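Once you scroll down, you'll see the structures, which are given as structure tokens.
Okay, so subunit A shows up in both of these, paired with subunit B first and subunit C after.
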Partner chain A sequence: MGSNYGSTYHVDICMVIDATGSMGPLLNLVKSNALSFYGDLKARMAAKDKQVDKLRVRVIAFRDYLADGKDAMLLSDFLELPEQAPEFEALVRGIQPKGGGDDPEDSLEALGYAIKSKWTRGGDKRRHVIVLWSDDVPHDLGFGRAAPNYPSRMAKSFDELTEWWGATGLGGVMNPNDKRLLIYAPNKGYWNDIMGVWDNTLLFPSEAGKGLEETTYSAILDAIANSI
Partner chain B sequence: MAIESAAGSGLIQKTDFLFSFCREKQPGEGEDSIAYALNECRAMLAVFDGCGGSGAGRYPGLKGKTGAYLAARAACAAWMDWFETLGPAGEPDQELLRQRLMDYLRRCEENGGEDSGSKLLGSMSRRLPTTAAVALCSPGRSGIDVTLQWAGDSRIYLLDGEGLAQLTEDDLGGLDAMQNLSADAPLTNAISLSRDFSIHSARLTMGRPGLLFAATDGCYGYFSTPMEFEHLLLSTLQSAPNIRAWEQSLADAIGKAAGDDYSISGAAFSFGSFDNVKRQLARRCDVVYRTYIYGLESCSREEKQQLWEHYKPHYERLLCRP
Partner chain C sequence: MSTEINGYRLTRELSNENAGMCQWGFAEKDGHEYFIKQFLKPKYPGDDGKLSPALVQRMRDAAERAYQRRKTFYDRLRECRAGNNVVVEDYFRFGNFYYAVTDRVRGPYLSVEEIAALPEEKKRVLLRAILFSVTQFHEKGIVHSDLKPDNIMVRSTAAGYCTAKIIDFDSGYFSFDPPEEIIGDQVYFSPEALLHNMGRETAVTEKADIFALGLLFHLYWTGSLPGFDRQEHRYANEALLEGEPLELDSAIPGDVRAVLEQMLALDPAARPDARSAWEALAGDARLARTARFRSPTDDDL
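Now for the complex of A and B:
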């Protein structure tokens, strides 16, 4: 892209994955998508004659603070692909579906961690993308606050998390031009609220009892590739 | 496609030539569309850029084309239809334009079947999204009267002896042309079937010879500074022996930089001939090269910003804000 004029494009992607027991077979598909993600995105970009000069991926796997204690939140640093592909693969393969307690999950806390990632400032152009997969709605923020490992600096409410992301015309902690949020989850609860208020977002509604269709994964890839 | 016009005194005669191209970055995947029309009373120069991000869903009933591809063509057809309704005088009927536009977009959706992206929700989801940049020209008392219509980040420019002027402000939340090159910001307004949108309108008069053209973001969006786009326009012009050669070399040069489809629809007014266009813009080409382009490659980001600050007031001298 713009090679004659020397512009460089750096892309960071934070994959936020529901790792609770209910994810079961869906998690295997999400992991499989995550592992083929670099190759698939590269192929999409090549088909559009676009290139990314630096791609980094971070993984956050979440469960419930109250039910799962120290296993509630797995947080990785950003890994550069393809250079750190083996570490990335080991990380993703290590995510196992378990725990979760009741139906809702502590997914808003995971989103909070994702928003506060150390996003790249490199490159002439940048894209900061959060992709979240979940089969259920989030708990209220702070539902797991009684857990000893609950993060002290987490947003105190959905309103505060909304401020972190930023609504249309308002700032947030991420660069408003660079950020994108793609969510694969049921169109209910806070996911529905997010779509109504947060800017630069797309929701791919999941249907109860149905897995992650190939067309949805393809649409997520398209959404990322077309935004670059 | 370059078209030369005949001598005389009406709008057709004041139009030296039309120039246009609509190039796909990837063959078969293009989502731009262009239009140009010229009669004795009016001219229309238009580009449309289907928004590939939010309009990536495909319509099985319309050969599996994307919403972006269809929206750009529907908007193009609507504007062409509407142009045919315009009489020799009077204000263009904006309400009628909007009706035509919505009719064409609805027809796409009715015939297209379920869009594979139609279930998507959120602030970035739009059904049949496209930009538009349209210049309507008519002869006026003191030159060519121009009505600008736009939505999104396709632009209308004027290039005359004073240099390149961006006439339409992008719907990108107030970013200037230099910020836009690195910010890659989301559109705050675009034509679509699913969300409210504005078609901005403004008027100006071209009192001197000039090249007026509409361009999609693939044309201007892949340089490190806006000055490089002006220099590319001028330098390819100075090197071209005729209109056709200029059109070709300009498209080829933009294509070397562009990471997207790139399209232009434009016209030269009141120069008298292609050679006069070259003559009247030769000095500006030198000035731009000496002031902004020479040594630019080795400039730091901060130095480029300083050059932009120097260039910006002149480049924005005719900028119309929504």
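Now for the complex of A and C:
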């Protein structure tokens, strides 16, 4: 392909994964989905005569600042697929379910990090996609502020985090045309609020005791492939 | 008990299946069947959430402004029912979300292969029927922006001909006010739409739809898109911008091929408008020009 006018698509995906102990069996499925993601997305796009020129993925594994210390928030940089597939695989396979303290998690802080990712500016067209998996609701922002490693520059409130995400006519950190947020989590608490308020956000409600269904994984792929 | 949205009782729950960033389903109201789409942008914060009242108000004001702009578009679109345009019948907010409702279009639909296998005469009638529908909204300054096989529902009629309903105007816009990013299918994107999305200053008007129809009509006639070097270019728009002509199937009758060649011109100004193409496909080998009667203006005296 030597075209000067070839419209290039660059897609960044930030996978935000709840790594607390309760995730257990679900985490294995999430990891399996994460690892097959590149191949599945590529196949789905090829079926529509489309292709991604550059795909980068980063992973954020989150737990609780107060209960899990330095393991509360683990971030990777973006990795290019398929070139860095072995590193990506090692990273994902290394996520172990543990800790978490009480039921809610510090998932809003994880979202804050995801929103502030160093998203690609390359390509003629881009998608900046955050996919979050959790089996529980978030704490209020700042719940873990007493932890020594709690980030001082984190959004101070849900208002501020919402402004980071942005809204129609109100700006935000991310490009409004490029951003997408897909959440697989219980339909309650902050997740319900985010689905009702944040643009370009889709919540796939998880049900207690049930795993990540194949239809949900397929819907997540649809949400990305059909919006490019 | 099924969900009810603003009086529309869902007969198929909302999902994003094959739809990307929206959710859709089927609904019933007053004995009539509808297609209902929930948009994921903008959203309207409620009173019971966790945001401050000040931010809620700012977000609501912005959402309502966006809604009003879109409503103007759908209101104008409703004037384009002639032909077979499936227009938005109802556009409203319910809770946090905005919804658009159209008539439900029922299958079975013909596949591209079935359309390509039709006798020439019937294909010609089908192409003209589509162009007639397109004329209705183009002459009101509306660009569909996402014309492709998925958005033109072709059915057989009892007489053995075809009807074609044009659906999904949700990526559409007024030609005088194109969006920052043109939304559509890359396969059917016009060269100027590609340039626009690459940040180049270029008008993307109704002629972008004409280009998409040129590709689509070739597909309908032959079962495949026009030829170009697919090792070098992924899409027809790229090939044209690189100076590589599209190769039209020689089995297409000369008069139809002449129209398609013009519809697929690199320069939007060289493409016919929908009405001219409709007239040209009536069987006249020459592409009809746009000389038509008009109403007098002050400049005529």
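Going forward, the second predicted complex is superposed on the first by the 223 of 228 C-alpha atoms of A that agree within 3 Å, B and C clash if a C-alpha of one lies under 4 Å from a C-alpha of the other, contacts with A are read in each partner's own complex, and residues count from 1 in each chain.
Note that in this section a contact is a pair of C-beta atoms (placed from the backbone, for glycine too) under 8 Å apart; a residue touches a chain by one contact, two chains touch by 3 or more.
Computed from a predicted model, the values in this text were never measured in an experiment.
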Superposed partners subunit B and subunit C on subunit A - clash or fit: clash
Touched partner set for A:Ser76, first subunit B, second subunit C, both or neither: neither
Touching partner for A:Ala47 - first (subunit B), second (subunit C), both, neither: first
Partner chain in contact with A:Thr120 - subunit B first, subunit C second, else both or neither: neither
Touching partner for A:Gln84 - first (subunit B), second (subunit C), both, neither: neither
Subunit B versus subunit C as contact partner of A:Asn28, first or second or both or neither: neither
Which superposed partner A:Pro205 touches (first subunit B, second subunit C, both, neither): first
Which superposed partner A:Asp193 touches (first subunit B, second subunit C, both, neither): second
Partner chain(s) touched by A:Thr162 [first = subunit B, second = subunit C, both, neither]: second
First (subunit B), second (subunit C), both or neither touched by A:Arg180: both
Shared subunit A contacts, counted only where both subunit B and subunit C touch the same residue: 1-7, 48-50, 124-125, 168-169, 177, 180, 195, 198-202, 219, 222-223, 226-227
Residues of subunit A defined as touching subunit B within the complex: 1-7, 47-50, 124-127, 168-169, 176-178, 180-181, 183, 187, 192, 194-195, 198-205, 215, 219, 222-223, 226-227
Parts of subunit C lying in touch with subunit A, wherever the complex brings them together: 15-21, 23, 40-43, 45-46, 49-52, 55, 58-59, 62-63, 65-66, 95-97, 180-181, 185-187, 189, 191, 194-195, 197-199, 231-235, 237-238, 241-242
Subunit A residues touching subunit C - in the complex, by the definition given at the top: 1-7, 48-51, 124-125, 157-159, 162-163, 167-170, 177, 180, 190, 193, 195-202, 219, 222-227
Residues of subunit B that touch subunit A when the two form their complex: 25-26, 29, 52-54, 56-57, 116-117, 119-125, 173, 175, 181-186, 222-224, 228, 256-259, 297, 301
